[in-house]
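Both complexes below contain subunit A, partnered by subunit B and then by subunit C.
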Partner chain A sequence: MSTRFYNDDNPSKILLMLANLGSAVIFLLKILAHLGNLKLHQEDIFHQIWKITLHSLGIIALSGFFVGSIMAIQFSLQLKEFAALSLLGGLATSGTIRELGPLLIAFMLSGRVGAYTTSELGTMKVTDQIDAIRCLGADPIKEIIFPRFIGIICASFFLLIFGVFTSIFGGMTAAALLLQLSPQEYLREIPRFLNLYSILLSLFKVFVFSFCLAWISTYIGYHTEGGALGVGKNVVKTAALSLSVIVFADWVTSLVSESIQLLFS
Partner chain B sequence: MNNQKQTNPSPSPIISFLQVRKSFGNNVVLKNVTLDIYPGEIIFIIGRSGSGKSVLLKHLVGLIRPDSGDIFFKAQNLSHLKENEFFPIRQKVGLIFQQPALFDSLTVYENVAFGLQRLQKRSGKELEDQINKVLATLAISDLKNRKPNTLSFGQQKRVAIARTIALNPEVLLFDEPTTGLDPVATTVVNGLIASLSRKMKTTSVVVSHDMHSAFTIADRIVILHEGEVLVGGTPAEIKQCSHPLVQEFIKEV
Partner chain C sequence: MMWQPFFTFFSFAKDCIADIFRPPFRTNLLFKEMELITYQSLPIVTLCLSFAATVTILESSFHMKMVIGDDALVPGFAAVLILREIGAIVTALLIVARAGAAMTAEIALKLITEQIDALKMIGIRPYQFLVAPKIVASSLGVAMLSMLVSIVALVVCGVASHIYLDLSPGLFLAAFHRFANFNDLFVSGFKGFIFGFTIPLICCFFGFQCRGGAEHVGKMTTRGVVMSSIVIIILDFLLSALISHLF
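Right, the complex of A and B next:
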């Protein structure tokens, strides 16, 4: 069952890294093999989506509100000089949707959902619950990993939409309080700056980031060893690795999206 | 004195370990372990922490695979079976972990139902009857709607036993069943192992370092030391063994 190579005799660090990467890819393939049985797991998946969304709603609302405000304040400094404050809503919202929204959701989820998933699975592993599932005739990947994996990805989309709305509200509030810009003026220019490509790009980024987060947190959690100490170490590992991978994935998706835009412009 | 059953030498073994070796990295946990276990007996595998007792047990349900050697269950070689080929074996060989390993999000009833639904595809009235029967056997019917985190450690252990015996296995594997229990709960669990073996006619393999429990209920005791079978025999034979390590264990009683 185990596909890890941590215990091989003194392998070099590069070999170990490659072996772990291979093991993670095999783990991912085992998860994806259950995609055909989505209907069978719909109850568990809905439960996961509900749990993740509910747990993260507060922090996403708060972060979205302040990011929207910060974007509005930052853009206003430049726009004031050109007497183009009416463009504020469009620019701040477009920037949030294209870049900051997906990144913010991914960061918040990695701290909250990623760490929670790893600690939950890690605890199940070190208390023999995962082995007990196997002994009782079930496949732990099908029973506990697959619903969490899909749940994280689906919940991320809901949270992105929610986060974008709260960031618009935050920007609007900051504009009204600090710049005396009415909500109507703030919202008026949004359709001009926000096109279908920006929205699709944002959704694609959320998919990539949440996919990476779901993969990392379930893989590390499922392979936890060493009791409570091991769980703690792996939670930290998930947080650090997922943040690094998300930033790297953002760089790659930004490069790809810019190339696509150039190609069609 | 040997590791063959003394009380009834005629039947063929239900479980056989043949020169089983297992290592984790540089740490060799089992070195050529050869051991036969006979139908219906209660066998205690005694040893210090790290002697490979639990590793030996986990080989029987495919949670760990040997590096070399063969493991037979009723003449079927388990050493090279794939994960899905172990499902029928796990219906017949039930493992009760050292920790209760109950599913936190499920009630006691749902925990017991888990294996019955998946391994034996039971449902409806048949499922309900089997669960109620098992819960009654272990005197935990009143706990069926409670979640594991509201139960004492002893109650959790009983639920874990209920979850495994619900499948009517032919062999019960107990990994340190009395660790963490007070003397009264230890007596209850020992009584439970003995009565389950007699009533259900199961073979019980108990991994422990509790010599007192072994002398109380075992038909046969095997001492595992540094990954090898050091000595085996009936409790009376073990009591007379002069090996210093065996004497050390006996002194603890």
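Right, the complex of A and C next:
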């Protein structure tokens, strides 16, 4: 990149971080500049969505199922003390949908989609395929990064929603098998606790997580250097960075939603 | 043969566990691995879990207001949730992404550059030299880390409930005492121990499965991270069910 001012002999760590952040923001703006011609890339984007969704549907279903059952068990411990086990369905579902479901499933997805994208783009970069595209007179960001970016956002969005729905099913199964709470009883309490606002918050969280995931994985993959070793290193970097950014984003969205709620009440 | 990978994995795990107890104990390697897992991951894990703790406080208060109409008991619920659930699983998933991915990449790179064959040539057992210190370091390290970080998250919980819910520290401690007890901390440590034991086994297994060139390293790293995350989530479910039945 052109912003090389931090690359002197003894760069301070904060300056380096700021420079990387700025570079990432410029990269994002470059991608978003192509938003106007979505229709042109329709086929590429659908191909990406198809590939990513098919790639990780099974894993997401499995993890969503178990996340739901974990939450049901944890909530049952506390509700048992109040002898209010009948409320379990509503509380566990609402808790999973609003907080832990999107978070844990996004963790899974960052291992799957994020690392996969980084290693794919990184391999393209270190084998000079991206330079080859530039040599042919095409813009690599437009041809390669943009369809992937939009594709990851859409696919992760669908996958996370799918995972959250599976988690309801998982909680129901765990309650039926381990706590002898019939599915009818479990499902009956859900409408009482789950309002439109919670679902909107969950969708918003899911969108923010998939946006962060797409941004980080494409940025790090596109800026890979140093051969196959660099690809491996960057895959690790993507996994670690996207997890911490997702947790941070979780906090920010919860805080924003809390203040919006206070505003309207 | 659908079950072949499982048999391969279990025979690998058996060999590795046997090699932990085989004499030349390499303590310097153990401490080096321990440093990567605990000391170098401490800042990021603490940061992430503190944010997760704050979110737990906010979300529990939302649900408590809905059920009881009062959020004085929120700290108790949130503390139990953090100690028994979030502390261990978030720590383990972060360690998978940070240290587990590095383990797979290290072993796969050593395998394709024939360093493992070189180890065998000079009479060192590769599992004992590479995998056994990782297993010991990670099971002790993740257990310690999840207990330590859970305590930090509880302090953050106190601060957050003071800021967002206007609960004074005294009220926080009172609600906290009603639900959580000291054993919950050991649940977190126990879960951390089990998770820490599985992470290097699975990650190193995928490292040793690497065939072909350098492109395969990235693929195996992805597969190792995904597989160990999903095994951790499933194990967490089994442990939660078991612990809730026993206590």
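Quick note on the criterion: the second predicted complex is superposed on the first by the 254 of 265 C-alpha atoms of A that agree within 3 Å, B and C clash if a C-alpha of one lies under 4 Å from a C-alpha of the other, contacts with A are read in each partner's own complex, and residues count from 1 in each chain.
Here is the rule we use: a contact is a pair of C-beta atoms (placed from the backbone, for glycine too) under 8 Å apart; a residue touches a chain by one contact, two chains touch by 3 or more.
In this text the structure is predicted, and so the values were computed from the model without any measurement.
In the superposition on chain A, contact of A:Gly137 is made with subunit B only, not with subunit C. Applying the stated contact rule after C-alpha superposition, one finds that A:Val236 touches subunit C and leaves subunit B untouched.
Touch criterion met: A:Val67 reaches subunit C, while subunit B stays clear of it.
Legend: residue contacts after superposition of the two complexes on their common chain; A:Gln129 is shown touching subunit B, with no touch to subunit C. By the touch criterion defined above, A:Leu196 reaches neither subunit B nor subunit C. Contacts of A:Ser244 after superposition: subunit C is touched, whereas subunit B is not reached.
Subunit A is touched at more residues by one of its partners, and among subunit B and subunit C that partner is C. When the shared chain is aligned, no partner comes close enough to touch A:Leu263: not subunit B, not subunit C. Partner subunit C is touched in their complex by these residues of subunit A: 59, 62-63, 66-67, 69-70, 73-74, 76-78, 81, 84, 87, 91, 94-95, 98-100, 103-104, 107-108, 110-112, 115-116, 118-119, 122-123, 174, 178, 193, 227-229, 231-233, 235-236, 239-240, 243-244, 247-248, 250-251, 254-255, 258.
Those residues of subunit C that touch subunit A in the complex are listed here as 44, 47-48, 51-52, 54-56, 58-59, 62-63, 66-67, 77, 80-81, 84-86, 89-90, 93-94, 96-98, 101-102, 105, 108-109, 164, 179, 213-215, 217-219, 221-222, 225-226, 229-230, 233-234, 236-237, 240-241, 244-245.
For subunit A in complex with subunit B, the residues that touch the partner chain are 1, 7-9, 127-129, 131-139. By the touch rule above, subunit B contacts subunit A in their complex via residues 24-26, 58, 61-63, 83, 87, 90-91, 94-95, 97-99, 101-104, 114-115, 118-119, 163-164, 167.
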